[in-house]
Amino acid sequence: MTAVAERVRHAAGRRVPTRFLPVVVTFALFVLMFAGGGLRYESFASGQVLLNLLIDNSFLVVLAVGMTFVILTGGIDLSVGSVVALSTMVAAALLRAGWSPVLVMLVVLVGGAVFGLAMGAVIHYLEIQPFIVTLAGMFLARGLCYVIDLESIPIDDPLFRTIAQTAVPLGGELFVSPSVLVATVVVAIAVYVLHLTRFGRTVYAVGGNPQSAMLMGLRVAQARVGVYVISGACSALAGLLFTFYMLSGYSLHAVGMELDAIAAVVIGGTLLTGGSGFVLGSVLGVLVLGTIQTILSFEGTLSSWWSRIVIGLLLLVFVVLQRVLARRGVA
Amino acid sequence: MRDLLRRPVWPLVALLLLNLAVMPSFFAVRLQDGRLYGSLIDILHNGAPLALAALGMTLVIATRGIDLSVGTVVAISGAVACTWIASSPDPASPGTALTGIGLALALAAALGAWNGFLVARLGIQPIIATLVLMTAGRGLAQLVTDGQIITVNNGFFAGISGSALLAVPLTVVVAAAVYALVALVTRRTALGTLVEAVGINPEASRLAGVRSQSIVWTVYVFAALCAAVAGLMISSNVNAADANNAGLWLELDAILAVVIGGTSLAGGRYSIAGTLLGALTIQTLTTTIYSVGIPPEVSLVFKALVVILVFLAQAPKVRALMRRRRRRRDDAPPPAATAVPAETAGSGR
Amino acid sequence: MDRSALVEMTGISVAFGPVQALQSVDLRLHPGEVHALMGENGAGKSTLIKTLTGVHPVDAGEIRVRGEPVAFAGPAAAQAAGISTVYQEVNLCPNLSVGENLLLGREPRRAGRIDWRGVRRRAAEVLGRLHLDVDPSSPLGAHSIALQQLVAIARAVEVEARVLVLDEPTSSLDASEVAELFRVVRRLRESGVAILFVSHFIEQVFEISDRMTVLRNGRLVGEYATADISRRQLVSAMVGRELEVLEQLDRAPAEPAADAEPPVLAATGLGRRGAIEPVDLAVRPGEVVGLAGLLGSGRTELARLLFGADRADTGELTVGGRPVRLRTPRAAIDAGIAFSPEDRKAEGVVADLSVRANIVLAMQASRGWMRRIPRRKQDELARRWIELLDIRPADPDALLGNLSGGNQQKVLLARWLITQPRLLILDEPTRGIDVGAKAQIQALVAEQAREGTAVVFISAELDEVVRLSDRVLVLRDRRPVAQLAGEDVELDRVMELIATGGGARA
Amino acid sequence: GGGGGGGGATAPGAGAGGEALTLGFSQVGAESGWRTANTKSVQDAAGAAGIELQFSDAQQKQENQIKAIRSFIQQRVDVIAFSPVVESGWDTVLMEAKRANIPVILTDRAVDSTDTTLYKTFLGSDFVEEGRKAGQWLVEDTAGGSGPVNIVELQGTTGSAPAIDRQEGFAETIAQNPDLKVIASQTGDFTRSGGRQVMEAFLKTHPDIDVLYAHNDDMGLGAIEAIEAAGKVPGTDIKIITVDAVKDGMQALADGKINYIVECNPLLGPQLMDLVKKVAAGEEVPQRVVTEETTFDTAAAKAALPSRQY
């Protein structure tokens, strides 16, 4: 363990500021984990397995990006999973009703943003705790799914199908889905916004100390409401990617996905108290969760309950190692 | 008691009245086989596990923590007790049931200590620390029951939920007793204040010599024990352990109950009476959905709307706005004369 | 209406629930003047400032800026109108870098995005102007309160403001930093900025201000030209009666018997890598040991090691002659050590608990949760210490977070004094405390010492350290440079050691 | 279906080469006893048939199933079988499987793909038919009866396929008799506690319940507790129909507390392994294989109980 700590610190170089340390540690552990899988299972450590990790989790990446914004301000958004489901439902239902696919996508995205705006406004102006507001949002969005339809709605719109089934070749045998490209763009935009705009810096400031941010004359309201709009829009976009992934709308889609998103963000080294963390960390968090899943499916002999226990254990090993390494790194 | 009166009782009252309007016999309570019987009793009886889980959650939240593993511990405790009873050579004897219950509680305490270890000792963020148990624990429960629903036929075990003390269901008695005990302990000892201090400013508390680690540890163990008792009630209620579904998403309802009760998720000041009220409100809401006949496909929307309403009406900001508007309407002359003493600071948090 | 006033506040009243914080207060600020706002702890100074910048809405009264009535929606609006403010408690974001804190919200941009190179350059420039030698990319939270205070000041003077408001900017600063600040303030005054200045240091006020407004219990006492008022008059205006606080506290030098007794606490080679180099220090019963040094010299670091707040990685400690290892504050408290930390907001105040609960917190913690201090005893302790330290409002049920800064500090002192420790470590106990209370606290420390408590005393005010201490340990660059005792404890001598590091090793 | 056959002809030769066949099986989850029995049956049958099983549990999430199927493709298993969480949304991944020449078998639930070449066969029960069977019994039982019959329904998890289909089949059948009326219908989430709590509320609001139709045994068993607590006799005062026929349910049926159970058989393992071998060998198999299922009344339950496996 100490050796790893040393190596991490070494790799990170002496000059890595402590705030990057959690991300660096996460990255190192991710590589370790992936390498471990490669040693244990043949055909695991292939490029396509790595890319599949992205293909299968592109929606989670987008979700985690939105969640990162929210958590950076010290908030939380529990509604994201349900909004994903609602987005798939709305998209499927509108397509079934004969709407044009482009318009459908637009409606879904704007709808998600408006949903986030409403929650953000309640949280900020009425001073109600984010956990509760978004929990109500979670119930509401899920409930609206049922209202639209109980059964799953298949999608046979040609545009949606084409997007879903396109493989973007990367040379060799390797390919990714268009969703991966979308997720990549989202991540890039998020990094830009967080680090190169005043809005982004205000997000960090609000997470560090909302009182101070207000006294410093920053646009606290804009940031606090804005992150929920972003999260809402990201959820809707993730919902669209999920729709491409599934080609169906279903009210029971993405149950509990908010926990996956939160876990990814936290694993990526972001503090739930706000003010500290990086989008790239969250992406790594998603990859870690995805790797755990992949290892499980390669293992292939686990009963349902052992799968759960192993997921828990891997998560545990990961967070404990991360914690211990980051602590040593600082000391 | 005064504390209770300051809490928002009206959502509960409104829900009860809604039921009464739909079903005139809603408040009727009669004696059935030496046990009180009626919708109100159902609410109390079915709400007892939630109330207990929420009680443990309250203290955890007061220390700035959160416990996502509550539902899982519910499943584990039922699974352990029932599996023990079902696989023992004497599955009907009270002794077997007692041992099973003891085992379940002991294991829960250990799991709580585990959570406490991760949070207090290793300093892992509570949400992720307890997520580990939330994920792995249900697998553990399934491992214990082999994924099957374990049915037991044990009079003593059935008695946890089936028997009554002075006609009051034992579940209600137990929950009430635990609440009373916690209220007493937190008031009569310094535990309540110290828990709040740790939740409000951990560093200042540490420098003031508060043993924050052991306090955090204690509340997680207590939360797990509460969840375990809740799990025993739930599985006794159907004489079976369902490792797959028992306590599923109970943690969210527990957190909701705590927050409805006026405790802030940011830690610090908490209210036990408020949590009780919150748990009852949620259970009443569930019962209302069943008895008023809300179709399942809109029940979630209904629940969401009620929750939103409750919180809107309760938000200090909204109340202040309403008060201001009312005052403006009531007395046209300048308000200088009517210096309304604002509610004591801190009570509303 | 005063035509020349840049800011004119008239008839301002603010109430927090039943507490009337301000009642019909007037304040005028002219361009090119330094205006001191004076008053005891809790008089309403910070509240008046926060009303000006739109943090608190006014219940009654009017604010005019350049003759125009204004009602700022919040600090952002006030800032946009040219009012730049340093609030009393450091209000910056500890998670961000020093440079960012300086420029947050007005970062130089290029093509719409933040120009980080520009930020760093600008930050270095601003820090340079105040002669601050810090790395702008280091996180703010890693620095001492004093440095954070300087950053906050730098942030405020960085903008071209018409009005600069400084609420107790000097409470943690030592003489050279204060001099630096005053140099900047004078320059701004010359360029026509109106400066509102709050301080409890009477000397500083007389040094820098042109006029002053005095508040007492939320009411206006009067406005005076600094030249027309004596120190004694000012204090009695603030306090409302004659007070002999300006007399120097006379403290008898340590009784010779002290040396014979074994030290309460003795440290040999106590140090921590990156924080403070090994220090030898012994404190005997009844002795006050002062720690003197410049900002960042390692005083706080040493104090924290003595208390186990941080773990030492070298050296030994003995308490009462027995070797101990202080791994936690708790262990230190059990050994009879008390520590009032420098950063009261982060490390002292439990804001949402009542004054009473805060006062008994340490005592309760050391008794364990099972043995609750009976309510009657709590009430009695709270009442006695509220009276003794003149804590206002005198309400044991008030939430500590709602008290004024100085009053919070008094509560924290009370927290430790009631535990009757054998060794009392005070890191900046008089920070932000008004003249009257400061004298009280000094007297209290002296009295504690007389009763046999050993005291380690840290203060940015060298005067205070020298006056109170029997011995002074001088630190420089996180290294002990000298120990002075008896006759040698003398202001000039200490200053010289701090400045030069002194060839003379003790 | 000719295209499908063509795909099968070039199936990977691992099975043909004499090595053990590998089957990738993606299970929905472990949400009920029924499901666990289903899993166990598949695992045991694979062992018995000498087929190497790659098992993956999706924890009720479609995306996990899709991931699992992708990883099966990656691992180049010989045959893929899975119980779809939902009907829709499988086309993309099934297309990938087809491209990789790996035949697919559906178990338990169907998919709604229009392109039937994407899978070889579907082995499973017909939930709508189960609902019909339950309704049919009730229609016959109340035939010639006098006056209205008040039915309450305990639905499965809202939105799940068995819940929707069992409701549909039942409603469709009882429409024959205008006296049969569902006066309340609520979800009990397929669980015993759910069944008990909802039934408690029903009993308070509707004092005149004649029949309970529960979408699975577990909810029925929970409801029995509620009925007994209310001082009524299950099976007599209130007739009870359920679906599944798990052991506890059969016991209650034998005891007369339940009146009728429609079987939904989880023991698909042996049938599945047969199909796997055939498909791997490139043989033609029917598009739809319905599992052998029956219904039980009290007498049948008493007879079947001793040999009941789950």
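Things to note:
Letters A, B, C and D name the chains as they come in the text, with residue numbers starting at 1 for each one.
Following the convention adopted for this analysis, a contact is a pair of C-beta atoms (placed from the backbone, for glycine too) under 8 Å apart; a residue touches a chain by one contact, two chains touch by 3 or more.
All of these numbers come straight from a predicted model, not from anything done at the bench.
Counting only chains that touch, the fewest steps needed to get from chain C to chain D is 2.
Distance from the chain B centre to the chain D centre is 35 Å, each centre being the mean of its Cα atoms.
As a whole-number value, the distance joining the C-alpha centres of chain A and chain C reads 44 Å.
In terms of their C-alpha centroids, the spacing between chain A and chain D amounts to 34 Å.
Residue numbers of chain B whose C-beta contacts span two or more other chains: 142, 147, 296-297, 299. Counting partner chains per residue, chain D shows two or more touched chains at residues 30, 36, 39, 158. Looking at chain C, one finds that none of its residues touch two or more other chains. Shown are all chain pairs that touch, namely A-B, A-C, A-D, B-C, B-D.
Looking at the complex, you find that chain B touches chain D at residues 22-23, 25-26, 32-33, 37-39, 42, 46, 142, 146-149, 151, 162, 234, 237-240, 242, 244-246, 286-287, 289-291, 293, 295-297, 299. Within the complex, the chain B residues that touch chain C are 188-191, 193-194, 196-197, 200-201, 203-211, 215, 268-269, 341-342, 344-346, 349. In the complex of the two chains, the chain A residues touching chain C come out as 17-19, 192, 195-198, 201-202, 204-205, 207-209, 211-219, 275-276. Here chain D touches chain A in the complex through residues 24, 27, 29-30, 36, 39, 43, 53-57, 59-64, 66-68, 70-72, 74-76, 85-92, 95, 112, 114, 157-161, 164, going by the rule given at the top. Residues of chain A that touch chain D in their complex: 43, 46, 48-49, 52, 55-56, 59, 145-146, 150-156, 161, 164-165, 242, 245-256, 293-294, 296-298, 300-305, 307-308.
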